[in-house]
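Shared between the two complexes below is chain A, which has chain B as its partner in the first and chain C in the second.
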Partner chain A sequence: MATIGRAVVRVPKSASKGEVVKIQMVITHPMETGLRKDKKTGQLIPAHYITKVEFLFNGKKVTTLHTGAGVSKNPYFAIKMKVTESGTLTIKYEDNKGGKWEKSAEINVS
Partner chain B sequence: MITRRDLLKVAGVGAVALLAAPGAVRTSFGAEKKSIEDALKEHLGKGLSGLKESNLINIKAPTIAESGANVPVQVSANIPVDQVEALYIFADENFNPWVATVELTPMNGEVFFATRIKLAKTSPVRAVVKMKDGTLLAAAKEVKVTVGGCG
Partner chain C sequence: MKRKAILASALVAGGAVFTMAMAQEEQLPTHLKELLELGMHPGHAFIDEGKDYYHSIKGANGKTCASCHGQDGEKLQGAYAKMPRYYKDLDRVADIDTRIKGCMTKYMGFDAKDKKFKKDFDKKWRVPLATYVASLSNGQAISVQLDDPQEKEMYKYGEQLWYMRVGARDFSCGICHTVLAGKRIRLQGLPDPVKNKLYTHWPAYRFGSDRMWTMEDRVRSCFKAYFLYTKQWDEKKDWVKKPPAHSDWVIALELYMKHAANGATIEVPGLLR
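Here is the complex of A and B:
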């Protein structure tokens, strides 16, 4: 099984000052609703989904996402961000079972 | 953000679903499918009548989705982002119609969000933009689903 919580983040390596760039990410996560049954055992699969994703650039809040189990398995999220300086994008995300992860990416602005 | 209410809700849904046969309509003990009206009220404080239709909001989603498990949805709005507080996505026919809340800041540059969502069945997908002055602008797009995704 793929590791839960692993994420791939895609940002442009470089951008010009004032440009609005697209930030995309995919998190490996089952996103169980808690309403589905295991076909073999007939037991209900407990809910397990991403609840919060925070995007910070150089420590400043860009976007906070609150999500429910209505987001697809291995969730994909894309936001836009206006960049005025080079820096680090940090993405912090967590699930309803207490899982917490962090991923960062550099953006060079000239 | 998990509140005590959310936890209770999840626990309740689980208990009822254990009793229900697969595919059966879950109706007993109050754990019914939440209506879009209730979901809107819970997250926005207003129901459908409190939303203002706006053609400034653009929802990009397929008209017919092959699978309800993975429906791409992209929302953008022709509204300056510094006037916007948050963006919400709802799917009317889902067990819990609320899908996501996106808190935006001026650092976003523009109102934009894209993700992939589950749809239990054919349903309108709604995007609501909450303005800083409290106005709720909304748009909807009907997505036909041939195979549901909330099994």
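Here is the complex of A and C:
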């Protein structure tokens, strides 16, 4: 089991101005719904899922995803974004137990 | 005579249609195809994590993996393509899991009997490290050579185990994956890892159970799930058991399958249902 909250972000190495690029990410997270029972003890496993994923480009908000317990384990997210300048893409995400993480990637526009 | 010829040609045409249908059936299910086209899946998070462990885990000797094998695994490129093979320092044929454990206990100063190390290794380190090391050989062809007498012996043992029927269901690997290969169990097609060189995508991420698995996990789990092995292990007395991790039994099967896949290109991490 990989560490909770670890993410991999993939952006194109270079893009031309005005191009629509694809940004992909995978977050390692158990995404417990809170409805499952532990097979050994019979107790409910407490809910633990990502509630919000925020995409920022150069400090400016691109989009926000409000996710819930219905999303699969180790979820994959992808967005398409138009780039006009080089900069840093920052992705902030948090879960319902108070975990907060950040991940960033550089995009070079020529 | 003419009629016979027509009949024969009809039969041939029928056969062609039939084989075409078979070929189409063997294609990937569409959802799996879509996932592969995305170009990224949770398996890549394990490579990332393995890379961190490669540089950060320190044994009692103060050594990390990077201090012997070079930054970013320089000296390990292509190593996975030759595994499992005979290692002089371990004095046995080892696959990737066994090799990593051997390195950790022998050179990094971990105690093999330490409970904390055992737990950490099995639950945390083994799979990410194995995935990372395997991914360094991406794009290279598998080339398992049987130069050493121990390797040859192991290969023979593996071939024997492949067809050996064991357990409460009296099953062997070969029944599903050689004799019935190409047919289906419920909705799943049965692949032939020996003929079709299917070793290329291991370790793989399985999105059915949302777990990353090495081949060792896969083989052992097969023995538990399909062969109905019990909890005690004595291959002569009691046939019904899950083979212990890093045992010759598991490694022999791995060697047999991987040798059969010689020449195929490695693509790690794989994605399976």
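One rule holds in what follows: the second predicted complex is superposed on the first by the 110 of 110 C-alpha atoms of A that agree within 3 Å, B and C clash if a C-alpha of one lies under 4 Å from a C-alpha of the other, contacts with A are read in each partner's own complex, and residues count from 1 in each chain.
Criterion: contacts are C-beta pairs under 8 Å (C-beta built on N, C-alpha and C of every residue); 3 or more make two chains touch, one makes a residue touch a chain.
Quick caveat: nothing in here was measured; it's all calculated off a predicted structure.
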item: Superposed partners chain B and chain C on chain A - clash or fit; value: fit
item: Partner chain(s) touched by A:51 [first = chain B, second = chain C, both, neither]; value: first
item: Contacts of A:28 with chain B and chain C, given as first, second, both or neither; value: second
item: Which of chain B and chain C A:93 touches, first, second, both or neither; value: neither
item: Which superposed partner A:8 touches (first chain B, second chain C, both, neither); value: second
item: First (chain B), second (chain C), both or neither touched by A:68; value: first
item: Touching partner for A:80 - first (chain B), second (chain C), both, neither; value: first
item: Per-residue touch tally on chain A - higher for chain B or for chain C; value: B
item: Computed vertex angle (chain A) for partners chain B and chain C, CA, steps of 10°; value: 100
item: Minimal inter-chain CA distance - chain C and chain B, angstrom; value: 6
item: Chain B/chain C common contact set on chain A; value: 24, 72-73, 76, 78
item: Residues of chain C defined as touching chain A within the complex; value: 38-42, 44-46, 48-49, 123-124, 128, 210, 212
item: List of chain B residues in touch with chain A within their complex; value: 1-2, 10, 13-14, 17-18, 22, 69-72, 74, 91, 94-110, 112-118, 149-151
item: Contacting residues of chain A [partner chain B, same complex]; value: 20, 22, 24, 31, 33-37, 44, 46-47, 51-52, 57, 60-73, 75-82, 96
item: Sites on chain A touched by chain C in the complex; value: 1-3, 6-8, 10, 24-28, 72-74, 76, 78
